[in-house]
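Common to both upcoming complexes is chain A, partnered first by chain B, then by chain C.
Then we have the complex of A and B:
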């Protein structure tokens, strides 16, 4: 039993960020807000995404960082909804079963499509999908179920087309989802990780992090149907899962980028604390500061 | 409600709750961290803001009103507090339009019931009755700014916080013509060159140490738990809203009485589990009362004006 009533925090996460040294190497002149001039010699540059011309001057229409490609100037936003790129691993939730496709929520501007043709169905990889399969669609994936998929195509209006045509993709079973802002996810070659603590994480590029006892493996039964038995997760594995989930929430709250290294660092450094202490102001801000310092140090050593 | 989980996620959560490990590392009896600050709204007579686990956010303001009533028709003294709960559409899209109205009415009715005997429970509340036919009416307005589960618990803390912040002016009642009375604000006499209107009015505060707390106790699987997160609220079988009031008869020998029980949502409960849930609410309220008293004492030293709105 614990009941703690405190006052408003003295140190906000943003103050933490400015205190840490991570911001030191950022060129402040490259950060712009809407309406701010992007360069001082507009004649020599062309305007790109996120900019417009006002009185012969190139002005930003977004808040973000100025990027230059030869003579092209563009502004890239830091915080935005998930945009999606081909090849991204996403963790999505089915919101609607339609004719020949599932609509999935990927916390993007539009719902993503998962066509019936791009999923792995029982009975062979390249079987044609017929009317019977269409009738049984809601048996494969129901509303509210979580899937892990890859972005196959980005359509011109920004709709994502997903596919799960690989054994490592597909329906996700037991576990914890943590929503984080998509800009905190660091892209890497691998987004599926089995951690040495007896559990696994899937870091979806769309900002959904999935903490699970084991990675999904679509093992098909002899008669071709998906049979899955509910197994209770053992207590020790559950505890490590909950701890990893709390660590990811801590990284999110203090705007530390999320990738395998930061998760394991946070996990190792959180060991002296109880899991529920990780969400308390005092412990979390101190721990976040130490984690950020450690990660920064590692980054500098790599250079 | 707004969040939907797949069956397997729910099963995982329920099995976890039954093993006393919740998805955020708490045990079943644990509350998320509560942030309470008082005196946040300058336009009110008393105000308080409560945050639960950095997400659920409640703002409460109290306005006083001098009310006249017909003493001939009203034989028994009525409880002076009126509750109104409003759900902001910003809290969650489910409250947009008229979405939150019904839920708001349900909660304010529950508060009305829980506080119905507050004249007997709270030691100096009867002081709001000024004279025959006149009394202070205490309008408690609650606004839910952010929704992330266990709203009634957070509201009850915010209401107690605001009541403890409430300053009620002292008045002098003098008999007037025709059996009526005239009510004048009481100002201490300072003398000298100071005009009467410039002297601040004397104020008094309510004694809140026995204000009823309202707690939601939810049944998930076979376990009872307090302070549910939105994910946990999707898995609830049935939920009870229990009002507990502390009665301070002799110091160190507090007794706790149940002032209201109300079922929220659907589901069926056995008599035995209701008793267990009430027992749990009482246990929780002991710890919560203690933490609240500690926090309110710490708040007294704070200077007013450090509002979160600034």
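Then we have the complex of A and C:
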């Protein structure tokens, strides 16, 4: 008896949408792969990020889109790991407690640092962080805990320095995390959103989306430990959270940008379906197509 | 049984300088940064690339990123059932070869203190396994958006009575036939990997190398088209 091993389907469902006629926003002539020449007349241009010179010719070293700024040619990747920028809101996971700092995984190429001096402790900004605080670090944030923070600084080697010096940042406790590729996150002024359905989302720029009953507000006890306030979340809120989470996964699976508008659109358009139906291929592909069409339409109206 | 028939055809009906069908899918593994599935005829390979991420401290290099590669074959990939899919001498050798090749393809100095993991799995092995792995890895790296000098392409070539034959199948990869696996960047002259099996007469060396280089260029054309098409599908809808 002989067996034939067949490969995966010719077109994955998530690609169907991206390859449909709805895609006219991508200029194919500007897409380059590594090793491909970026311009015809290299003497007239300067090479920027993502390019190098081979035999006097400017060549891309990345797979992405060519961008031109006056005489500067650069290549911006379409898909890439998170590269932090100052001011980004990130949802990070603590991976290590070190002397005077926490190491956090922000799905960047290096772990981010959260120094002890950059967290909010009782007593306000002027409180000095002493040895006692250092000893209590692992009580304050343990390995594996999820935090929400802001990027304060990007060091020359690419390490991010985080801070949580605001009530809205800090430890995250009750909610759902969804990991999405960071290139799908659309940056906006606001990354904390309270939705009108009785719950909230934090869209981390590093690709972690946090769905939670209410936005965290760090309140601390006198001794510096977090107040543990686990509450029973009513079932209807829980169901709403799960629906929002499924909607975000759907947007991710069909590579639709994730921002507040796309999440609410997806949520409202998913109403006719059961939550479990959202993960089924037939429903999700139909829904994704409708969502994309709606978003594109809205975009055109804005213009 | 001769490898090339009197009419100039090989066992599977190809001409000596003809490659097998190349068939690819990209971005299948959504947990990995980049992934690919590649077929050269009946040789089928899956590849996943993770990183660059902050890897093990023992592997960390201060000036560039470490590349860790794992080559494995499924137990049912060959003619005989294998008990050890990875970790045996042959797979370890393949892993090292891939690592060395891609260290010179990837611009490693742009990610100091990081690590990139490459996993290649041969699902069905029908000759030119190493070449297929190089090609699959190139595509996965391009999918992951990792900076490289270019897309590397590879091919295995043999020589029969002074005539080169390209893209060997497992029936042609015999103990007697000398075979060379060559990988070049962008199908040009820059070589990143050469491996020779069995003994080869020195007069045949340049012939085989020329044939292999030409084949690499052919394979590159196939890979470049696929990579470019895939990139368009990758761009987020309503991206900024």
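By definition in this document, the second predicted complex is superposed on the first by the 277 of 303 C-alpha atoms of A that agree within 3 Å, B and C clash if a C-alpha of one lies under 4 Å from a C-alpha of the other, contacts with A are read in each partner's own complex, and residues count from 1 in each chain.
Going forward, contacts are C-beta pairs under 8 Å (C-beta built on N, C-alpha and C of every residue); 3 or more make two chains touch, one makes a residue touch a chain.
The structure presented is a predicted model; accordingly, all values stated were derived computationally and were not measured.
Colleague: Is A:238 in contact with chain B, with chain C, with both, or with neither (first, second, both, neither)?
Modeller: first
Colleague: Counting residues of chain A touched by each partner, does chain B or chain C come out ahead?
Modeller: Of chain B and chain C, the partner in contact with more residues of chain A is C.
Colleague: Can A:299 be said to touch chain B (first), chain C (second), both, or neither?
Modeller: second
Colleague: Is A:8 in contact with chain B, with chain C, with both, or with neither (first, second, both, neither)?
Modeller: both
Colleague: Per the contact definition in the header, classify A:40: touching chain B only (first), chain C only (second), both, or neither.
Modeller: The answer is neither, since A:40 touches no partner chain.
Colleague: Determine, under the contact definition given at the top, whether A:135 touches first (chain B), second (chain C), both, or neither.
Modeller: The answer is neither, since A:135 touches no partner chain.
Colleague: Thinking of the overlay built on chain A, is A:80 touched by chain B (first), by chain C (second), by both, or by neither?
Modeller: second
Colleague: Touching A:93 in the superposition: chain B (first), chain C (second), both, neither?
Modeller: A:93 sits against chain B, while chain C stays out of touch.
Colleague: Between chain B and chain C, which residues of chain A are contacted by each of them?
Modeller: In chain A, positions 5, 7-9, 253 sit in both the chain B and chain C interfaces.
Colleague: Given the complex with chain B, which residues does chain A contribute to the contact?
Modeller: 1-9, 93, 142-146, 172-177, 230, 232-233, 235, 238-239, 242-243, 245-246, 249, 253, 274-276, 278-281
Colleague: Which residues of chain C touch chain A in the complex?
Modeller: Residues 23, 25, 27-28, 30, 33-34, 37, 39, 44, 51-54, 107, 111-114, 123-124, 141-145, 147-151, 185-186, 224, 227-228, 231-240 of chain C touch chain A in their complex.
Colleague: Going by the contact rule set out above, which residues of chain B touch chain A in the complex?
Modeller: 4-9, 11-12, 15-16, 19, 21-27, 29-37, 53-54, 157, 283-284, 287-288, 290-292, 294-295, 298-299, 302, 308
Colleague: Given the complex with chain C, which residues does chain A contribute to the contact?
Modeller: 5, 7-10, 12, 15, 17-19, 22-23, 25-26, 28, 31-36, 50, 52, 54, 59, 61-65, 77-81, 107, 109-111, 157-158, 183-184, 186-187, 253-257, 262, 292, 295-296, 299
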